[in-house]
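These are the structures in question, set out in turn.
Presented sequentially are two complexes of chain A, the first with chain B as partner and the second with chain C.
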Partner chain A sequence: MTALGLYRPGTSPLHRAPGGLKLLLLLLAGVGVVLLHRPWPVLAALVAVVLCYAVAGLSPRVALAQLRPLAWVGAVTALFQLVVAGWERAVVVVGVLAVLVLLAALVTLTTRTTELVDAVVAGCRPLRPLGVDAERVGLVLALGVRCVPVVVALAGEVRDAQRARGLAASPRAFAVPLIVRSLRHADALGDALAARGVDD
Partner chain B sequence: MPVIEAPGVGHRYVDRVVLAGVDVRLEERRVGIVGANGSGKSTFARMLNGLVLPTDGWVSVDGLDTRREGRAVRRRVGFCFTDPDAQIVMPTVAEDVAFGLRRRGLSRAEVRERVDRVLAAHDLAGHADHPAHLLSGGQKQLLALASVLVTEPDVLVMDEPTTLLDLRNAQRVSRVVEALPQQVVLVTHHLDLLDGFDRVLVFDEGRLVLDDVPDVAVPYYRKLMA
Partner chain C sequence: MSRRRTTSRDLALVATFAGVVAALGLVPAVSLPVPVPITAQSLGVMLAGSVLGARRGFLALLLFVALVAVGLPLLAGGRGGLGVLAGPSVGFVLAFPFCAGLIGWLVERGGPSYHLVWGTVANLLGGIVLMYAAGTLGMVAVAHLGVGAAVAANAWYVVGDLVKVVVAAVVARGVHAAYPGLLGSPRARAREHSPA
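And then the complex of A and B:
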């Protein structure tokens, strides 16, 4: 199982760069890419991102895996743009989407969550006068990353339980137990956080 | 050993009494708790670190009241839950262990050193940067335990830590617990884990019905359940 976008230990320059810097560059690059309107610059950006993956010692397979969850949305968007606006527009829209996803994944693949969280916490600190609790923001972020595989596993269990009982695939019969179990998990997680001194 | 005092405590959720008249003073190194599902074991265990506050009476650990000094109590009393997935709060193994050490005024190097030491002690050294969700159930519970032990609590309260594990992993966890120098309060359905314990509390329907050495308490509990 390839853990999507999860930190892969390494010693490349990208791994060693400070997390805050990477987040800042991600932000700038993201804004820059969105401003591209011609197919060739977008393709160039895509090549540049793939090169960055190589620099980080990540194989093209890993890069491709980051795009897989987007395959359907990408295909539908491409088709729509192709029909409505022509191939150039389709390349730009789908290309920009791919670049954004790949860049974001590159940051999380080369940065420990703790470091990302620290960077976000540092970035939020100036917002303190506005009532933003930077530590809280960071914790929520880390918990979010941690909860994705848990909820995916819960969803798998719910689906298996339904299959075992011979129930047909029904969105409601799937959603209700999944929500109930997710809430129960959230409750237990809250207790664990309290036990580990989060509210102290 | 620390002293846990619970003189005449009780708990009710709204108007439902789930624990009543529990009157104990725990100062032994190994204390077991057994009882049927719903008998109030978890409620009692959670009172020991202030996760649940008694609605009757009070609980203290080394003279610290769980209501007024909850924070100090939680620093002394580590808690291990049944489901390791719910206790692992950080995405990777080393990060989860380090989590309990934040805001303790340790340098990065000190944190790293303590995390490495604890991971090595629990056969997790090779997994430091692995995503926690890829560990096996047994490894997850060992990680949860390591994350609590890294903070060096004086007391470890464990609420059915082996209930979700297979026999082999249950035994691994049990061996780790056996070797701990700390005071341990262990809620369990695995009665053989209580071998060598100093004292066992038997709960039934929210009451403490027997408080004795394992040789007396375990057979009594088996009979109660028969």
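And then the complex of A and C:
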């Protein structure tokens, strides 16, 4: 799972802190950062987050990579705020966005997927009166984690078969057999679950 | 609405389709001369609703979003983790389950067999109208963009997604032809089987 996930193994205090605590702190930090309205506190928060990356033993390159998906919207936003509200507002808006994304990515980078799944299942327990079965949530999350590589492998097989028959890359000739094969896989999976008493 | 139990077959279909949406995110489907990668991921959202129906389509994408949130890099371009939910594309990602649910609900209204034209309309309403409304709202809220600027930033993507609306309907028709019996409520199916 670590091969597929975004988790970066490590032994820093951030890696060893419990996942639930990290999620809670992320939530609190998220609420706190949004309340900042001056450029300097925002820049200070940005520096603090970058220091957290150093504590976690992650290189500045990793931190920068987390911001790359923001480049396009960040540029548009900065320009928009610069024109509409001046440079101070532009720094605050783009800075807060960067802090939030970096913090959330930090939790993902330092917490195992399994630990976050457990946190989700624990978080679902109080929802029982609403008809949410926490154990089923955990089961379907585990099934989903397993199904991703299975379907990706099926996609590779379908693509190979398509190439062997000399078909051009048509989306229809790719997606239809992929989904039909996936549905057959789901049937087998459903039978296996029923045989293990999931429906009882 | 009475609460329907999710059977093990439903669980299996939901989990598998979350995998299908992830696999389609890896495929560069349509290449258009625009500066953003257009992958088949939103095709997966439309197909989940069109193939599985409202309830299972919604759950499949809910699972997909949960897998992204717990740190699997399943979004197009290998993105994932909680950072996505703090970023400007949060509106799009959180809308995925509701778009699939709406498409599925509309397709189910069309009866137990899939109609190409009606399916395309459903994809247009769920996959373009609802998806972009939520996505634009998310960009306005997170990035403090004006509505006009957010719409302009999204305009590139609509072109590719309009192609996918039609592709998804054609693919869904092919799937339903090869694998009948996925649509229609259990009640409707029971009515079909029992002699009137």
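FYI, the second predicted complex is superposed on the first by the 129 of 200 C-alpha atoms of A that agree within 3 Å, B and C clash if a C-alpha of one lies under 4 Å from a C-alpha of the other, contacts with A are read in each partner's own complex, and residues count from 1 in each chain.
Rule of thumb we're sticking to: a contact is a pair of C-beta atoms (placed from the backbone, for glycine too) under 8 Å apart; a residue touches a chain by one contact, two chains touch by 3 or more.
All figures in this text were calculated on a predicted structure; none of them were measured in a lab.
K.L.:
When the two structures are overlaid on chain A, which partner does A:93 contact: first (chain B), second (chain C), both, or neither?
P.N.:
Touch status of A:93: second partner only.
K.L.:
State whether chain B or chain C is in contact with more residues of chain A in the superposed arrangement.
P.N.:
C
K.L.:
Return first, second, both or neither, reflecting whether A:6 touches chain B, chain C, both chains, or no partner chain.
P.N.:
So A:6 meets both chain B and chain C here.
K.L.:
Could you look at A:183 and tell me whether it touches chain B, chain C, both or neither (first, second, both, neither)?
P.N.:
So A:183 only meets chain C here.
K.L.:
Considering only touches as defined above, state whether A:150 meets chain B (first), chain C (second), both or neither.
P.N.:
both
K.L.:
Using the touch definition from the top, say if A:162 reaches chain B (first), chain C (second), both or neither.
P.N.:
neither
K.L.:
Which partner chains sit in contact with A:194 here, chain B, chain C, both or neither? Use first/second/both/neither.
P.N.:
In the superposition, A:194 contacts both chain B and chain C.
K.L.:
Can A:26 be said to touch chain B (first), chain C (second), both, or neither?
P.N.:
So A:26 only meets chain C here.
K.L.:
According to the stated criteria, A:111 is in contact with first (chain B), second (chain C), both, or neither; which is it?
P.N.:
second
K.L.:
On chain A, which stretch or stretches are contacted by chain B in one complex as well as by chain C in the other?
P.N.:
Looking at chain A, the two contact sets intersect at 6-7, 113, 143, 145-146, 149-150, 185, 189, 193-194.
K.L.:
Mind listing the chain A positions that touch chain C in their complex?
P.N.:
Per the touch definition, chain A meets chain C at residues 4-7, 26, 30, 66, 69-70, 72-74, 76-77, 80-81, 84, 93, 97, 100-105, 107-109, 111, 113, 116-117, 120, 131, 136, 139-141, 143-152, 154-155, 171-172, 174-176, 178-180, 182-183, 185-187, 189-190, 193-194, 198-199.
K.L.:
How about chain B: which of its residues touch chain A in the complex?
P.N.:
On the chain B side, the touching residues are 46, 49, 51, 70-71, 74-75, 78-79, 81, 83, 85-92, 95, 98-100, 129, 131-134, 147-148.
K.L.:
Contact residues on chain A for chain B in the complex?
P.N.:
1, 3, 6-7, 9, 112-114, 142-143, 145-146, 149-150, 153, 185, 188-189, 191-197, 200
K.L.:
Using the touch rule from the top, collect the residues of chain C that touch chain A in their complex.
P.N.:
3, 6-20, 22-24, 26-27, 29-30, 35-36, 40, 43, 47, 51, 59, 63-64, 66-67, 69-74, 77, 79-89, 139, 142-146, 149, 152-153, 167, 170-171, 174-175, 178-179, 182
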